[in-house]
Structure formats: C-alpha cells, structure tokens
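One structure, as structure tokens, below. Some questions next.
In this document, chain identifiers A, B and C correspond to the written order of the chains, with residue numbering beginning at 1 in each.
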C-alpha cells in the first residue's frame, strides 16, 4: 500500500536500478536490431550466441589463456560463427517469408546451445571482469558500480554503431541493403558480404553482452534466456531501431522493476517473468510497429 | 479451345439443371432495368501520405453498366483510386458514394455486401487453395452457416456449399477454366492466375467490378481473351466495370468512357476518341511538366 | 486435401487399416513400454500439433505459447474432475477444452492487430503468464505443498482405463475423434477461410471473408484441441499434473513437430510427433552403442538439441512441406498410378 509519505528515495533507487537493468537488456536487443536492420530476420539465436560467446571466453580464461587473448579468440569464434550461419542457413532461405527465417533461427539457437555446452560443458562458471560491484551512493540513492559501467559500455556501443550506420559508406550500404535488397543488388552492393558482416557485428555485440551478463549472473545455460527479455524490448522499440532498443530497454527495465516492487505484492510477487511482455503487448495494441520502428504500409 | 460455349449462360453447362438456365436468364433480365442512379461516384477525393499527394480533388461519376477506364502515366494515382474505392486507403477529404450511400471511408470488410468486387495488380490468389476453391470462396460474403454446421454438413451449410459450388462451376465454364479447376492456384501460369482472380471476383455477381491492371504481363492473345471476358461480364451480368489499364489500344476498344489521371489530378474524362485527342493527355504521357508541379513529382 | 492423382486404392483404405492396427493389433502384441513410453506421448503430442497446425499452419497465426494451453487444459481438467464430483471424466475434458478456448480467445485478440513476429512475441506472454499463474496460485494444484498432483483414475461408464493399454486406448480414441473432426474442418468453407486469411488477408477481407472472426475462431478451436491434448498428456501419459512440463521448451517442441511434419496438414502432425518421440530413444540407443561410457544423459541432451535444431533448419531449407510431402512423393514412386484421363 502506498504510504501517506511516499518514499521518493526508494522509488528513485528502484527506478535507477531498473533503468540500469534495462541497459543490459538493450545490449542484447541491439544485436537483434543489427541483424534485423540488414536482413529482416529476427534472430532468435541471439541468446545462444551470447551464451556461446560467454562460455568460450570463460572457458579459455579458466584454461589459463590470458584475458586479452581469450577475448580475441572468442571474438574470432563469433566471427567464424557469423560467417558460417550466413552461408549455411541464411543464404539458402533468402527468399522465404520472414517467419520461416525466424523458425530457422529458432532451430539455430538449439544447435548453438547444444554445441556450446557439448564443447565447453554444462557447469556454471563465475566470471570476474575486474569491475567492482560495490554500490556507491549518489544523492542518497544506492547505485551499483557494475551497472554504471555496463551502461557506459552500452552507450559507447550505441554511439559507435549509430555513427557507423549514419556516417560511413559501409554503414550506408547496410541500410541500403535493408531498405531494398533488389535495388541494392542492382547498384552493385554485395549482399552476402553485407549479411555476413552484420552477423559478425552481431556476434561482437553478443560477446560484449555475454561478458557483462555473465559477470552479473554467472555463465550458464540460462544466459540464453536473455533473448526472452530482449523480445519485449524490441517490440517496444521497433525491430529496426538502435535508438528504439535503448529506449525500449530502459522502459522495460524500469517498468519491470517498478511493477515488481509496487504492483507485485498484490499478486504475490514473481510477476517479473511476464510483466515485460504485458507492457509490450499493451503497447503493441496502440502502436503495432513499436515506438521507433518503421510503420509498415499494407500494400494491396 | 473455342469459347462459344463459355460466353453464354443461356446454353447451360453440361450437367446443369433447368434451374441454372432460369437463373441465368433472370440475371439478364435485370440488366435493362438497371437503376438510373449511379452505382458509384467519387466526390472531391483527396488522398495524401507522407507528404506525397496521391489524389487531388478527384470527381468521378460512373454510369450503370458502363466500362470505365482509368489511365495515366505511372505514379498518377490510379491504384490509389481503386484503393480508396475499396476502402484500403482513407482519403483525407471527400466522399465515396456507393448506390446512394455515402462513405468517408469505405468499410473494406463490407465491400462484398456493397456489391463491389476487385482484382489486384500483384495477384491476390490464395495459393493454398485450388482454382475451384478460390472461386468458391468468392461467395464468402453470403455464407452464414457456422463451422459446426459445416462440419456436420447438413441443412443450411450443405445448401450454401452446393450453391457456391454451382455458381463457381458456372463462372469457371464462363471463363474457360475448366481444364485447370483442380490445380493449385499458385501453380498456374501468370495469365491464367489473372483469369482465376477475375473468376473469383465475378462469382459474387458484383454490381461494380474494379480491375487493377487485369492485362498486365499478358501476351497479346491473352489480352484479347481477357477483353472478351470483361465485355462478356458486362453483357451477361450487367456489371459496371472500372479498370486501370496501360495498353491504350485495349482501353480505346473496350471502354465506354475514359478518365485520365496525371500527378493525382483528373485531366480528362470522356469517350475514348475524345480523350485520345486531348492535348493535356498527350502532354502528360510525353512528360511535359505543368506549371504547378515540382520537377520531381514522380518521387 | 487435394488429390489429383487417383490411386488404385480407395482413399479410406489407409486410415481404416491404420485404425485396425491401432485398435486390433497393437493391444495384443504391444509391450507396456511401447504404450507408456512411445504411443501415449505420441498421441498426446500429435493432438497438440493438430491444434497448433490449425492455428499456425492453416490460419497463418504464429503461436509460441502452445504449452501454456496444454497446461491450462491439464489443470482445468484436473480441477473440474476434483471439484465437481460425479462429473464424468469426458465432461471434464470437454470443459477443460472450453477453458483453454476462453484463454485462447483472450490471447488471440492481439492477432487482430499484430502479425508475424509481433504476434509470436505476444503469444509468449501467454506462455509466461500461465506458467507463473499455475505455479503461484496453489488453488490450481489443490493446495498441494509440492505442487505436483496425481492425475485422477480414468474411468468411463464404469470401465477402468487405468492400465497402460487402457490409457493408450483412451488417448487413441480421443485423438482419433478430434483429428477426424479437424480434418473435416479444414475441408469446409471455414477451413478455407483460415487458408485465405493466411495467404492474403487483405484479399480475404475484400471478398467478404470475416477476417476478425476467422482469426479468433482459429485461436478458439486450436486452443480447445491443444487444451484437451494437455489433459491427455497429464492424465494418460505422465499421470501427474504439474506446470514444469509445460514450459517454453514444450511450446517449441510442438512448433518443431508441425514444421517437420508439414504445415497445413493434419497428417503432418502425426508424422512430426512420431519423429520427435522416437528419435530421442533411437539417439540414446545409438549413442550408448557407439560411445559407451562417454555417453551420459548430458551428452544425450545436447546431442538431441543439436540434431533437432539441425533437422528444423534442414526441413525449412530442403523440404518446407515437411515429412508429409516426402511421404507423398515416396508413395507416388512406390505405388504406380493408373493412367490419368
């Protein structure tokens, strides 16, 4: 029950915590957006890619490989994965309806998860990135240092990617390929290269997300479930907008935490598992293309 | 494959009963008594999206039983016009009058009940159904039995199915589609698919038929056949036809009146010969820009 | 549905032969392992796949939340049976189906505005919400502290179906009846309306197919069937009723079944379910044969995952019409067709 003197500090703390958690969601959502922006595929396998990236990194680390070498090797693995996926799964399905591709990525997620755990094992690994998770106080609110660092990394990534898409020639090519494949092809853009590049980029994003999430939750199978949190974010922000991924992530993160604290008690708690979806759903009914997504005009 | 049998409902198709021919004759009888009011009228229709004005203040009257062509250079707004009539787009301004009823936006779901049927530029057949099933489903608007009745298959459901099937077979004969009636609609050659779409539209016995480039992508022979079918539809069923077409030869031969659109405006309207000689029309096709239009109006 | 090729056998021969084997031969020669571990789960999953196929294969509405509806069916059947003494078991099943239907319509409402991925995501809402609700509110589990409840004994008209053969026959009959009705449905105008809405919603709307009603009907009927399938899964196969088995993995499993078996095909549901039930068993036998001690349950799990995922991708690329298409092609080659007129 809301008390007569509403605890604003507590509210602010929950809010900030939620926003920062939301940033983590955005990190994963950005990977989706990258792929969707250029090949119109909703990559359900993104979660399993996060898992693979994190597992590879942490397993190498545990075997004594130095930090930066592990990082580079994991990166290489993700790059190779991206290229392989584009060649074996995407290219044969290039003209099929998007839902078919989505199903294919569903199958792909099973394959990647299976391979990741077959190779590296199914135990839980702790991951220490050297970032202290000591909470510190700002204006009476407790903020986690880790969350802040994650937010910073996410912001940097967004800035980089946005800049890339807008100001570089390759970025322009990506957007052209997303806009009109046939025209892009006609103009001479090498589509398979572009798709491969996007999957590689998504792999890189997965690595970053995997490291941060892994440090927070531990590297384990349930990491692949972050994809399930990213979906409402995408729905809210639109599937093809990086800005939307950020804003959507913030909204979902904040909404989730706030609802858990303030509404949850009425339901006996635990509503975090589905509340994000309900928020997204409510939203979709008003704006079927998300906040920033491009409105699809139904053509006759 | 001659078409003498296909063109006339008076000679009943094989296996039909006397009921059929009576039914056919009944349809013909209503034609001369067609309502004196216009079945369709567009009043000051203006349509814009995303900063582009697709239609500017269009007025169009359609007389009962006439074949009305809409022509114009690419991007002139012709398809948008059909989309406004079928309620797919909502005009910013203006009204659509259908048989004395006026609409700010035509309710697409009720289109069939309003007596309007249409074909689409990019083919809108149901690939998962056969030709026959595609035509039968053209009667969807008058099927009222619910799914339980349909599963049981008796009474109202059975009558409706038998009726729909019979009418579909008639139209299939009418349009010479007998040979392919059991094929999956998606496996047919392009020209035949267009004919199936026409069949699906006609089976509903629409008062108004909207054809969006029905001859696009067809060979000369196919075009001739299609022309014959459109004319026959008007003759047999008294259907008013509005068609968008690029082939000027076809348009001149087939239509009673022609409306010409350019950059969203109607620049001519009248019998084919008159329109053909109109200077504004000639200019539009050659691409002479008019004063009030920006150079990149085609964007 | 469409059979332009006449074969020298009448169309009803296949199904009748199958039924004869299912009812007459198997109960005599089958072992209880066959019934308990293979046939009964196969039947329940097939029915769920039939339900999902109606919605996704025929009507084109993607749903990733089938397991939620299975769960609703199972729990509703349990509660009706428990709290309304004297209610015949079959009635409990039917009522459970209706409860699933009601939920299906509610969660199907978004389909009126959403398509494709967006719709798929919204069906996940059903999945997570239902799982949470069934776990959170112990009323559903009759306040049982462990949350796991025993399924009631199966008795119809005084006859007990509690043996492994009995449960098999119980499931078999229900599945046969519902699958037959579903097959009839897809050949009616309503069934064709489903296909029309899937193939070109706008054109369907224009010709007068009641699109909104058709979509909701698809959700309603599909949910009913899936709900009953869930009840069967719990009552006839697992013999317990718990939320855990109705998780996202189960939803994906049903989706995989219809993709592998063949979308828009009632038969396909059975083909797909057969593969999905039998293949892990074969895999585990093969694995322990080839790899001996190295092959533990973890490795089995992962391998299953990989093979399943690979199969999905394979089918989507090479045979998008699924096993039924492969089967039909095989039949055409093996059974020569008399000359067509």
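Operating definition for what follows: a residue touches a chain if its C-beta (ideal position, glycine included) is under 8 Å from a C-beta of that chain, and two chains touch if they have at least 3 such contacts.
Quick caveat, the model's predicted, so the values are computed rather than measured.
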item	value
Chain closest to the middle, measuring from C-alpha centroids that were averaged per chain	C
Of all other chains, the one whose Cα centre sits farthest from chain B	A
Length of the line joining the C-alpha centres of chain B and chain C, rounded to whole Å	42
Between chain A and chain B, centroid-to-centroid distance (C-alpha), Å	48
Centre distance in Å when chain A and chain C are each reduced to the mean of their C-alpha atoms	32
Multi-partner residues of chain C (at least 2 other chains)	202
Contacts with 2+ other chains: residues of chain A	298, 300
Multi-partner residues of chain B (each touching 2 or more other chains)	86, 88, 120, 124
Contact set on chain B toward chain C in their complex	86, 88, 108-109, 111-113, 117-118, 120, 124-130, 133, 136-138, 140-143, 145-147, 150-151, 153, 157, 160-161, 164, 182-184, 200-201, 204
Complex interface listing, chain C residues touching chain A	62, 110, 113-114, 116-118, 120-122, 124-125, 128-129, 131-132, 135-137, 202, 248, 252, 255-256, 259, 298-299, 302-306, 308-313, 316-317, 320
Touching residues (chain side chain A, partner chain C) in the complex	42, 88-89, 92-93, 96, 98-100, 102-104, 106-115, 117-118, 122, 228, 231-232, 234-235, 239, 267-271, 273-274, 277-278, 280-281, 284-285, 288, 298, 300
Chain B partner contacts - residues on chain C that touch it in the complex	2, 4, 181, 184-185, 188-190, 192-193, 195-196, 198-200, 202-212, 217, 221, 264
